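This report refers to the structure that appears directly beneath it.
Letters A, B, C and D mark the chains as written, and numbering starts fresh at 1 in each.
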Amino acid sequence: MPVITYRQALNDALAEELERDEKVIVMGEEVAEYNGAYKITEGLWKRFGDKRVVDTPISEAGFIGLGVGAAMMGLRPVMELMFWSFAYVAYDQIINNAGCVRYMSGGLINCPLVIRGPSNGGTNVGATHSHTPENFLANTPGLKVVCPATPADAKGLMKAAIRDNDPVCFMENTLLYGEQGEVPEGDYVIPIGVADLKREGTDVSLIAHGRAVLTALAAAHRLHEEFNISAEVVDLRSIRPLDEETILASVRKTHRAVLVDENKPFCGVSAQIASLIQERAFDDLDAPVQRVCSLDAPAIYSPPLEALQLPTADRIIQKVLAIS
Amino acid sequence: MPVITYRQALNDALAEELERDEKVIVMGEEVAEYNGAYKITEGLWKRFGDKRVVDTPISEAGFIGLGVGAAMMGLRPVMELMFWSFAYVAYDQIINNAGCVRYMSGGLINCPLVIRGPSNGGTNVGATHSHTPENFLANTPGLKVVCPATPADAKGLMKAAIRDNDPVCFMENTLLYGEQGEVPEGDYVIPIGVADLKREGTDVSLIAHGRAVLTALAAAHRLHEEFNISAEVVDLRSIRPLDEETILASVRKTHRAVLVDENKPFCGVSAQIASLIQERAFDDLDAPVQRVCSLDAPAIYSPPLEALQLPTADRIIQKVLAIS
Amino acid sequence: MSVTRAEKPKKTGPHPVDYAKAAINADLTTKQKLGFLADMLRIRRFEQASLKLYQQGKMGGFLHLYIGQESVAVGTIALMGEHDHVITAYRDHGHALGVGMSMNECMAELFGKATGCSKGKGGSMHFFAPDKNFWGGHGIVAGQTPLGLGIAYALKYQGLKGCCLTFLGDGAVNQGVYHESLNLASLWDIPVIYIIENNQYSMGTSQARSSAIKGCLAERAEGYNIDWDTVNGEDLYEVRAKTWEAMQRAHEKCRPTLLEIDTYRYYGHSVADANAKKYRSPEEIEFYKQNHDPITLWEKRLREEGILDDAGLKTIDDAAKKEAATAVQFAEDSPFPELEDIYSDIYYEVDLGTEAGQTGRHFFND
Amino acid sequence: MSVTRAEKPKKTGPHPVDYAKAAINADLTTKQKLGFLADMLRIRRFEQASLKLYQQGKMGGFLHLYIGQESVAVGTIALMGEHDHVITAYRDHGHALGVGMSMNECMAELFGKATGCSKGKGGSMHFFAPDKNFWGGHGIVAGQTPLGLGIAYALKYQGLKGCCLTFLGDGAVNQGVYHESLNLASLWDIPVIYIIENNQYSMGTSQARSSAIKGCLAERAEGYNIDWDTVNGEDLYEVRAKTWEAMQRAHEKCRPTLLEIDTYRYYGHSVADANAKKYRSPEEIEFYKQNHDPITLWEKRLREEGILDDAGLKTIDDAAKKEAATAVQFAEDSPFPELEDIYSDIYYEVDLGTEAGQTGRHFFND
């Protein structure tokens, strides 16, 4: 299998879907002539032209709303938010229009829209640019939320998202764009709603999504090397729909869970997972479910401090040791 | 003690604070000449005049942002959102400006702002008008979130919110406005961050906030009458800061908890509480923590159905019985 | 502070242009003209019936009546061809009936019945009929404005000669997303027509208290290099003539237009508006009813043209009343949705039972 | 598709008005005039130093350089009196230094040090000095525009004769909240001055590709009945004269103004902008540097006025360079924040240990 970057995987997925279906359009700030602020759309404008790959003004509410309207008419817009943080100026359009229009119309309408972009801290861009709203978005029935951690998942899930007939919030991570990995060739599609065991283990389940999966894998490696603890790593991949069975199966096997989550803790995704596990696997648990989230403050700018604000392998290991 | 409505309690609190401190201003759509869409500000414009009580155009992002700027300068604006649902067009201003400006300025600025209005389903106004974003807002370090359930709490907490030097999201409920209750006279202030035992019990803890507290009390009454189960009802009152000790003390006493929450389930407030309880009172629990939330769909219009979509005493009782 | 509008009645003198002579009006048949009367009366009778039933407690939530504004929906929507679409705000009954929705499905929706146009899930603010090019019905003020843009964008993308009539209120013009939409519409040559239904109030706030302007609200279009016009909404001919001009601009040049149509609502902001007669005088309301009622004026016009008499009017009106009564009965007789219906119409993939609808958990109650 | 601006240089002919003669400029002392040169050079030298250190990896995040635009911040901010305030976007170094912030605290902030103006919590985009009436430094495009309104609102509320200079970019004009702010400013007579620093690009997008306009961006003010003007930003006298006019309007009549100041940035959108020379030609950039550099032009002017010579320039420039070098050393030598500092400066009540800061749990890590 070819080894490519997460960025390239996304770019390939977009190109293949643009090629496959002329209803697909790519739209956002600087996605066309500039090739994307993070180069995810590199070369697409040149290849597919003005009609299919469209630069927008800085008007997130306006252009996301436009995407919703166009999707209601059957186009399949893939809208880039340069950062998911900027979703907050388009929040009404995402939640109320993309998220609710099917319900309010009694199912007469569907909205095959993808909203994508990076959603992460860790790049020292400060509090306003480091939001991770997957918890909020997944709170909304009507939206789907996907957070791939690897190049293969990025590609397979992006293709699934574009083909999905419901609105999908697709959350990438600037710190992952340069990560490399094997990606199957051909029309590689991963169903949304299926978690992935990124590492098997027997003593504790580390459950994560997005970049936190890599942090969990690093912790699992060290737990094995340094403490002879066998940690299983479950990558949620999709937040809504959620693959609860894989989570529960893992916990029923290991009897211990540490959740790793770059969200802020209060009502983060891991709060939902903790709530789920204690409810559905109560008797299987040998210890309380633990959470490792971003430290509960706005994202700090100072580079060495921000590195500590995100979940670290150290903090995961401490939590595992505390319940082992 | 005089018995007054929740609406009157809020109105009294606003009037008293307007009287006490001339930095307090009340602003929002229809709050002045119209006396408020839900009459919370009735009479204030007449009494305090144009300068203190201000009608705005339909520009939530603009006027909430204006409130943030004015608060940075030392005014104490109390901004009404006609519905908290409309926060989504002002989300960036609330999260990024009100919520982050203190941090990003290294503590040079503070923002004594109150944003208030009803946040609830149950009035058949459809999906876009029935959001309950207390979970989202409480996710943001820098914001405080308060959800009073009774007239006394509404008054005491509103006064505390206005005097607080940080931004407070104050979430009311149109279905509570007409509820009556005793409210202490005089300068009645309730500290933010202190939960309230609304009913003592020994067999199970029902933990709730906002109108769900009344639903929990109704369920507790019936549990006692019909099943001889003694349910304790903890009213969180404030979501952030959160009175964890009162929650844990109750669960350590009863060994069982059912959380009642009008949020949608995924990452709702009760997910955080469930996560907390299982983490900090694991060995005290005789059964998994259960949650009763709004049924997980956009708010349905159809009146008889929407009544079932919100948590009901029946659903609470079923959950209690399931773990008793 | 609020301006008493009754003191400044709209110009009633002879029109500088007789819009009856405009090309789009000159060829109208008698049947078409009577049809417009019927369409306006359908709206009025439907709403009068719904008002009564709302007051009887048959409905929940809000009921925003369109009565007084009927000529706007009818005048514009009747111009729509195969590829012309329409979207509006929560005051949507007029537009819904205008595109030809049946009173049955609309009334049943108000009752929250499973037979409603949105299966009882949307209510008064959320009528939809995509098969009739009607995209709702939207409750968040100005939230529909970029959707209209997107609909028009999709038409252009597909090479269709069409447009999207996108309605908003005079209070909605101060929402930012509307301005973002104006810029995009002009920048990208999108065939969208924004129509401000200026009924002078947003809830209890007069236009003067909500919008800083030079001349009129539509003039803001200048800043985006968009063509604009103001329209006397009580004159159906004028509404048609000016809207048609905009539609041609959209069809032929893919350029947007902003129209501001003066109109008036007789009832409160919603039926629950207790202040309906406080922020404007009863005299003002009465003045409009007497002098500016669009149905009365159209009726008068048709009489002047010699194509309507008392009997003709009665026939049309009776039909509207009967349709409304039938709809009420239909709504009464219809079932409410079932409890499990709460969980349908959320995800297309789930509703259709596709593979994508079956992987993972979609709903988080037990 | 992008317009090559170098082909359309700004008008360089003789100004129709000589703004040096405007009242606000006529009385300037030599010291003041040289002071403006010093202020502009401080900005440039500070940023050149920071650029070097950014490239050495001493900083994280973004670094948006103001180089080329110095006359705008200096020309406007130097007019500020006791009750005049200022707020801007993320390209904020010029404004920060303009209000008199020390290079030390600014450079330390870029390094993420505890001695930074925001204690290392804000970074380049979030400089603040409320004691100098400077309210930041805001990263969300146009997010600061209603804050500036609120600051001005508070001034008026307190009966103070002041204003808030509220800066935004040419790309920011298409965010809705800015339009909401314009309406509120005019409707309520708020002494806010919106200043569009039109450097012709928002990231890689030329103004022509982002904004549909008739004449210029400022003209959109018409729709809100706001006074507006365009300003040749390379002429410090003109910037001062026209800004002062707006400030007087704010002070005396509490009326807002919208100014559009033409300017140009030499570097990429941020230092990380790999395309800096793709969306505009190197020739275009060079053209501006050669013909429109605001510092060079001001220097030339002062020489013409006979108050500056080579030696004088060197003294001023050396001082700026030295201050920058000292600031770099200061930043290098300063400590980073401690881990526990992550949890301060979130809630005022917690920071001050008040009763309100101690009830309930505020932070949700263990």
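Note that a residue touches a chain if its C-beta (ideal position, glycine included) is under 8 Å from a C-beta of that chain, and two chains touch if they have at least 3 such contacts.
These numbers were taken from a predicted model, which means no experiment stands behind them.
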Query: Hey, which chain ends up farthest from chain D, C-alpha centres compared?
result: C
Message: Of the pairs B-D and B-C, which shows more C-beta pairs in contact?
response: B-D
- line: Note: chain D sits from chain C at a C-alpha centroid distance in Å of 45
Field: Centroid distance [mean C-alpha coordinates] between chain D and chain B, Å
entry: 40
- request: Could you please state the distance in Å, as a whole number, between where the Cα atoms of chain A are centred and where those of chain B are centred?
  value: 30
- prompt: How many Å are there between the centre of chain B and the centre of chain C, using C-alpha atoms for each centre?
  reply: 36
- line: In chain B, the residues touching two or more other chains are 57, 59, 61-62, 88-89, 92, 96, 103-104, 126-128, 141-142, 240, 264-266, 272, 296-298, 300-301
- request: Could you list which residues of chain D touch at least two other chains?
  value: 118, 120-122, 126, 138-140, 143, 174-177, 180, 183, 187, 209-211, 346, 363-364
Query: Which residues, counting only chain B, touch chain C once they are in their complex?
result: 29-30, 33-35, 37, 50, 55, 57-59, 61-62, 85-86, 88-89, 123-129, 264-266, 293, 295-298, 300-306, 308-309
- line: The residues of chain D that touch chain A in their complex are 1-2, 59-62, 109, 112-113, 118, 120-123, 125-126, 138-143, 171-172, 174-177, 202-205, 209-211, 275, 278-279, 336-337, 339, 341-343, 346, 363-365
Message: Could you list, by residue number, the parts of chain B that touch chain D in their complex?
response: 25, 51, 56-57, 59, 61-75, 92-93, 96-97, 101-110, 112, 141-142, 144, 160, 163-166, 191-194, 238, 240-244, 272
Chain D to chain B touching residues, read off their complex: 87, 116-122, 126, 128-131, 135-140, 143, 145-155, 157, 164, 176-177, 180-181, 183-184, 187, 344-349, 351, 354-356, 359-364
- line: The residues of chain D that touch chain C in their complex are 174-180, 182-183, 185-187, 209-214, 219-226
